[in-house]
Structure formats: C-alpha cells, structure tokens
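Chain IDs A, B, C, D, E and F follow the sequence of writing; residue 1 opens each chain.
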C-alpha cells in the first residue's frame, strides 16, 4: 500500500499559492472553454485572477475565476 | 525546484475577493455555458453574484453561482 | 496593480447566502445540463436546493445540488 | 442594492444536509453524464452517496460522488 | 417547507469517507471523461485515489483526483 | 445500511496529499480537456502543480490547476 510518511511534515505552508507570484507579470492563460488569453496579471486572490488583456484592439479589465482556468504558461 | 519564499508573508488578506467591488456596477459576465450577460451587480456573497439583466425587453433578477462564471469584464 | 483596500472591512458577513431567501418562492432554475426548471423552493442548505416541480403532470420532489445550477431567475 | 439582513440569523444549522435523509430510501439519481440511476441509498457522507442499483440484472454497490450528481428525485 | 430537524444531531462524523475503505480492494472507477478503469486501490486521501491499473499490458501507477470520478463500483 | 465504524479513527492524516511526492519527478498528466502532458514537477501546493514541459521544442513553465487534471501516471 502507498504508505503515508507520518514523520515527514508536509513541507508546504498552508494556503501557499504559486499564482500570487504572477502579479505584475505577463502570462498566457489557457481557459476551460478553449480560449487562450495573453494577459497582464494585476491581482490574485483565493479564487480570482484579475488581468488586463488586449481584445478587439482595446485594453480590457477582466476578473477570471481560477476554476475556469486549466493552466497558465509563465516566464521565470 | 520552485522554492516557496517562507519569509515572504502572503500579501493577500484571507477571503478577500475583488468581485465584491462590482456591487452597483455594470459588468459583462461570460458564463461557462457560453452565454454573455450584460448585468448590473446588486449583491455579491461567497458563492453568488446577484444581478439585474435586460432579457426579452424585461428587467430580470438573477442569482448567478460563481462556479458557473468563466470571467467578468469590468470598467475601472 | 489592483490594490486591496486593507482598511475597508469586507461588508459581507461570512457564509451569508442570498439563495436562502428563496424558501417558499417560485423561481426558474437554469441547470448546467441545459434544463430549465420552474420550481417552488422548499428548502436550502449549504450545497442543496430542495424544490417541488411539475413534471409529466405530476408534482415531484427534487434535491438539486447547487454545483449543477448556473443561475436562478427570481421575482423580488 | 440587495441588502443583507444582518439582524436575521441564518435559519440553517451549519453543515446540515437534506441528502442524509435519503438513507434507506429509493431515489432516482440524475447524473452529470446523463445517466439516471434508480437506487437504494445505503449511506451518505459529506461528498459521497453510497447506493445499490440493479444493473445488467445484478445488484451492484456504487459509491457516487455528489459532484457528479445534478439532482435527485425522491418521495416524501 | 422542508423542516430541518434541529434536535436530530447529524449521525455522520465530520470528514468520514466511505472511499477510504477501498484501500487494498479491486474496484471499477467510472471517470467523468467516460473512461472505466479496473483498478486496485493502494491509497486514498481527501482529494486523491491512488491505484494500480493494467494498461497496454503493463501495470501503471495512477493518482486519480476524486473530482474527475463520477462513481465507483465495488464488492462488499 | 453502510455502517460507519465510529471506533475506527480515520488512518489518514488531515490534508495529506500524495501529489506532493511528485516534486522533482517526471510524470504524465492527463488533463480534463484531453491533453496529455509529459511533465517534470517543480512544485505542488494545495490547488496547483507547477511543471516544466517541452512544447514546440521549447521548455515551458506551467502552473496547472489540480481541478483541471483527471489523473497522473507516475513511476514508483
């Protein structure tokens, strides 16, 4: 059976999220509906990613729910 | 490996949500089923967004579950 | 960046839900599978909405999971 | 705006679930994948519904995750 | 209205899960993507089911997320 | 009825996750949208898996949300 190593404390701090590091960065967001958004991240909360994107040659503000995102490509 | 910066406290306050700022504002809501709703937000809770929309030339009250929303376009 | 206004306490009380106000009311429930149910709400819990609907000319009792609902149209 | 009635305590006890009343009962379960199961409920937990169903003329035991259910028809 | 029986304490202990009983057992897992996996369960956690399956005549280790499972058929 | 064995303490420690063992390992990730990613895991948090993948002959960094993953194949 897959043993749980009870002595080994989970290294991860509770509620830590890598996504919070994207604030101020440009990323490529792959949505569950198939859309791909080139976005600048302006804010991240527990369930939301706030971005600006260029759409129809205009800058749009968007609040994206994380549950609607499959994955995010980013530069280190 | 992607190190967690344990000294750096997460800047985000717990349970903060950007969506709560939309109360009283007009937004464009993109639903998971493909619908796009031009809506006025009248209330926001942990899992719900209450809006009025014009549908079939009538003003309708709607309670939208956040899990059914992909993203929301808004004006700053 | 989208600043969080740390002084401004979130106005929303924890775990408050607008859906609880529907108990005893007739509403139109739009489901994720495309069904639209004209329903009378008889009970609401954290994850469930209990209703009666008329289906095949019979009154049916239904427990609907909120995760399966997109939005609910209601009269104020 | 949709006001929250802060004086009115939520009537619902935390973590109460109507589904727990189905234990021992026959219900009709409508699944997100379109299947409809005539089932006898033998156990309910926070995220699971355990049932027996007749399938291919055999009695089968099934553990159904609530997230995979749209709604349940039941007799009072 | 569907009354909640406030005196009747919920019989279910918090966070109890039936799925944890499958460790060491052979089960049939019906996935949301339509796949059906004949699997031996080697570990269960809050959100994960770890199994071995025979695939392309090889034994594979798989970590399955519960959210991707519709239901599990099991022998008592 | 499926009895809960109240004396038997759940063996699982709260919030334990098998996925955290994949850090530094190569795995095959099966996504809900049908994509299959050969990935090296560089970080895991409560809701995220950070990986590098080779895409269009380039190494890409990706933050994958667990809710978008069906299952992960791994070597012991």
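Everything that follows uses one rule, which is that contacts are C-beta pairs under 8 Å (C-beta built on N, C-alpha and C of every residue); 3 or more make two chains touch, one makes a residue touch a chain.
In UniProt terms the chains read A, B, C, D, E, F = Sm domain-containing protein.
Computed from a predicted structure; not experimentally measured.
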How short can a path of touching chains from subunit A (Sm domain-containing protein) to subunit F (Sm domain-containing protein) be, counted in steps? 1
In terms of residue numbering, is the interface formed by subunit A (Sm domain-containing protein) and subunit B (Sm domain-containing protein) classified as same (over half shared) or different (under half shared)? different
Please tell me the distance, in whole Å, between the geometric centres of subunit A (Sm domain-containing protein) and subunit C (Sm domain-containing protein) computed from their C-alpha atoms. 28
Interchain centroid distance [CA atoms averaged], subunit C (Sm domain-containing protein)/subunit F (Sm domain-containing protein), Å: 32
Show the residues in subunit B (Sm domain-containing protein) shared as contacts by 2 or more other chains, in ascending order. 2, 4, 11-12, 15-18, 32, 43, 45, 50, 67
Residues on subunit B (Sm domain-containing protein) engaged by subunit C (Sm domain-containing protein) in the complex (per definition of touch): 11-13, 15-18, 20, 31-33, 43-48, 50, 60-65, 67-68
Touching subunit B (Sm domain-containing protein) in the complex, subunit C (Sm domain-containing protein) uses residues 2, 4, 6, 10-12, 14-19, 22, 32, 34, 66-67, 69-76
